[in-house]
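Shared between the two complexes below is chain A, which pairs with chain B and chain C, respectively.
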Partner chain A sequence: MKLHKIVVAVLALGVAAGALAQAKPEVLVKQRQAAMTLQGKYFGPLAAMAQGKAPFDAAVVARNAGYLEALSRMPWDGFDASTKDVKSGTLPVVYSDAAKFKQAGENMQAAVDKLVAASKGKDEAATKAAIGGVGKTCGGCHDDFRQKP
Partner chain B sequence: MTYKHFTTTTAALHFRVALLALLLAVAGAAGAQGNAKQGEYLVKAGGCIGCHTDNKEAAVPFAGGRALKTPFGTFYGPNITPHPQAGIGRWSEADFVRAMRHGVRPDGANYFPAFPYPSFTKISDQDLRDIWAYLRTLPPDARASQEHDLGLFFRWRPLLSVWKWLFFTPGEFKADAGATPVVNRGAYLTQALGHCGECHTPRNILGGPKLGRYLAGGKGPEGKTVSNLTPTRLKKLTDGELKDFLTLGLTADGDVPAEAMGEVIRNTTSKLLPEDLAALIAYLRTLPPIE
Partner chain C sequence: MKLHKIVVAVLALGVAAGALAQAKPEVLVKQRQAAMTLQGKYFGPLAAMAQGKAPFDAAVVARNAGYLEALSRMPWDGFDASTKDVKSGTLPVVYSDAAKFKQAGENMQAAVDKLVAASKGKDEAATKAAIGGVGKTCGGCHDDFRQKP
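Right, the complex of A and B next:
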């Protein structure tokens, strides 16, 4: 009986994993682009605040930083090798130098983590600097891995 | 009596002439001297800090060290602080003007066009004097400039004479009589100080600009893709969106440009006076559209 349950559980997991692996490349691209779009949505207002173009609002910064913390983890499994031939803004180096690409993604996540930590403090200048740090890692990755429009 | 009177007037005349000469000399010197405050702005508009400052956290501004990796090798921006040995402290204003206008070192050797003198040659005499005046006010820094690391063939400077003969036309910017003063100002900022074409105009195999594709984007000097700045691409953005992009480093939907441009925005375009930024955009709108 117990063994039976284990077999069912393993099978269920296998099916779930299989379902993930079978996501169509086009869908993966759409999903990772959605994650990027939402990062833009929640990062944009912070960048404006960091540069004094919008009034600084610590509550909005803390909320958006929290969103970005989750969002910054989302795009990467969408750059699956199966998506290589789907039309998108990625450069081939994303797939040919996956280690470098992974590093660039991790740099961004680390910068977002710093922002999350800073947004919990009271230091406006440090928070603004952390926002700038996130912007640089976004651009740093776009430098090498994204086609220019 | 008469004789005495004569000598007094002569002496007085001599004195006046001397005084006038002195005044003229002072006025002349003042007129020739650049305005460091204006120079500080022009140095921002020229983006000098980008290549002449290392991209390390505690790097001293203008003390050099930034690497530019090109197909010909790696260039390192030199120290341009007024340090007598490490920097350009022993240069005269004429040395500086010659470097910018003609791409020639004080010792007569050619500069590699990694130093964008094909653009800087267009900077006006007055602006060059102002830039020089500002550079003199920088704190001297002893950081030694680093040798460029170039391919065996390319490090031979006399070869640059050929390159210059092919691709370099020295001379100040000339306003287009058919264009408005605003568009001409934008053209000057884009072509001369901003040296936008150094990255946004693709290069041929010899590293010369493909002038038929001026500002049309493609591959930049470091092998990365760069955007097309002609109306083919820019017509998709309003003036307001372009202004925001060039000051905030952000598009309306929160997208961030590549860091190569992000840096230019932080150092240069976000520092431009609003009227200069508007002029730059107005000029880009007048470019021939290139696919």
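Right, the complex of A and C next:
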């Protein structure tokens, strides 16, 4: 497939957010949910390790922490005000108190950065504590900004 | 939310692939599609820049290239043989010629790595060429392994 066809295909999907027109609200929601899905994929095993429910594997922690460093930056522009009326698990307070929500996102990123640093050391206990720190920011944000399942 | 509650919630979502039981086929498909969605989000604007359809922005290219470096590693374990019968746009050849599919994924990762390197230079033409190189691997893989839309 030629690059111009890729561009046409990508634009047809409405995913060229930022560089061109603003993405459609439904696309923004799909993208932010994708980031959450992948955060779950790569954080889940670490949470299990921190809890002693799975054997500690330093290589997996370091790899997943690196992925989470990128993923933890990805959801936020998807919570654009234009998405307010799209069906999702998001509570209205995300849009009515955007500053508080932004802070919660930044807390998570900071906790992930600490985990990335810890995962480069050789200290299993410190790494597990850093995993716990990330989990706390996930849970805190879900408590405040997401509908109860 | 306490960490043990996070773990329970994460496990309930079935996302603890790898560290614990193998994730369910439907979860694997959701996760691999999430990776594709985010690749589209972050590659789309770069493709538009390479085509001259959007102004070149070196900072956005460098940021997105970094995200794509992580994202380009994420889809592949989601194409587990257990997902063969889950409805998706994937062609059966993904499972019948896994070696060819693996090579296509590796080609994409190599092209993304070149883009990451190029995006650190100051050469707009070289960076645009590297974007084109990534686009070619996206399209090549879609041509061979994905149903036509």
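Operating definition for what follows: the second predicted complex is superposed on the first by the 128 of 149 C-alpha atoms of A that agree within 3 Å, B and C clash if a C-alpha of one lies under 4 Å from a C-alpha of the other, contacts with A are read in each partner's own complex, and residues count from 1 in each chain.
Note that in this section contacts are C-beta pairs under 8 Å (C-beta built on N, C-alpha and C of every residue); 3 or more make two chains touch, one makes a residue touch a chain.
A quick note: this is a predicted structure, and the numbers were derived from the prediction, not measured.
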Touch check for A:Ala126: first (chain B), second (chain C), both, or neither? neither
Touching A:Gln147 in the superposition: chain B (first), chain C (second), both, neither? first
Answer with first, second, both or neither: which of chain B and chain C does A:Gly135 touch in the superposed model? both
When the two structures are overlaid on chain A, which partner does A:Ala58 contact: first (chain B), second (chain C), both, or neither? neither
Taking the superposition on A as described, I'd like to know which of chain B and chain C A:Val86 touches: first, second, both or neither. neither
Hey, is it chain B or chain C that touches more of chain A? C
Touching chain B in one complex and chain C in the other: list those residues of chain A. 37, 40-41, 43-45, 47-48, 51, 53, 135-136, 138-140, 142-143, 149
Under the stated contact criterion, what part of chain A meets chain B in this complex? 37, 39-45, 47-48, 51, 53, 91, 135-136, 138-140, 142-144, 146-149
Residues of chain B that touch chain A when the two form their complex: 217, 224-227, 233, 247-262, 270
State the interface residues of chain C toward chain A in the complex, per the touch definition above. 1-7, 9-11, 13, 15-20, 23, 30-31, 33-35, 37-38, 40-41, 43-51, 53-55, 57, 60, 66-67, 69-71, 73-74, 132, 135-136, 138-140, 142-143, 149
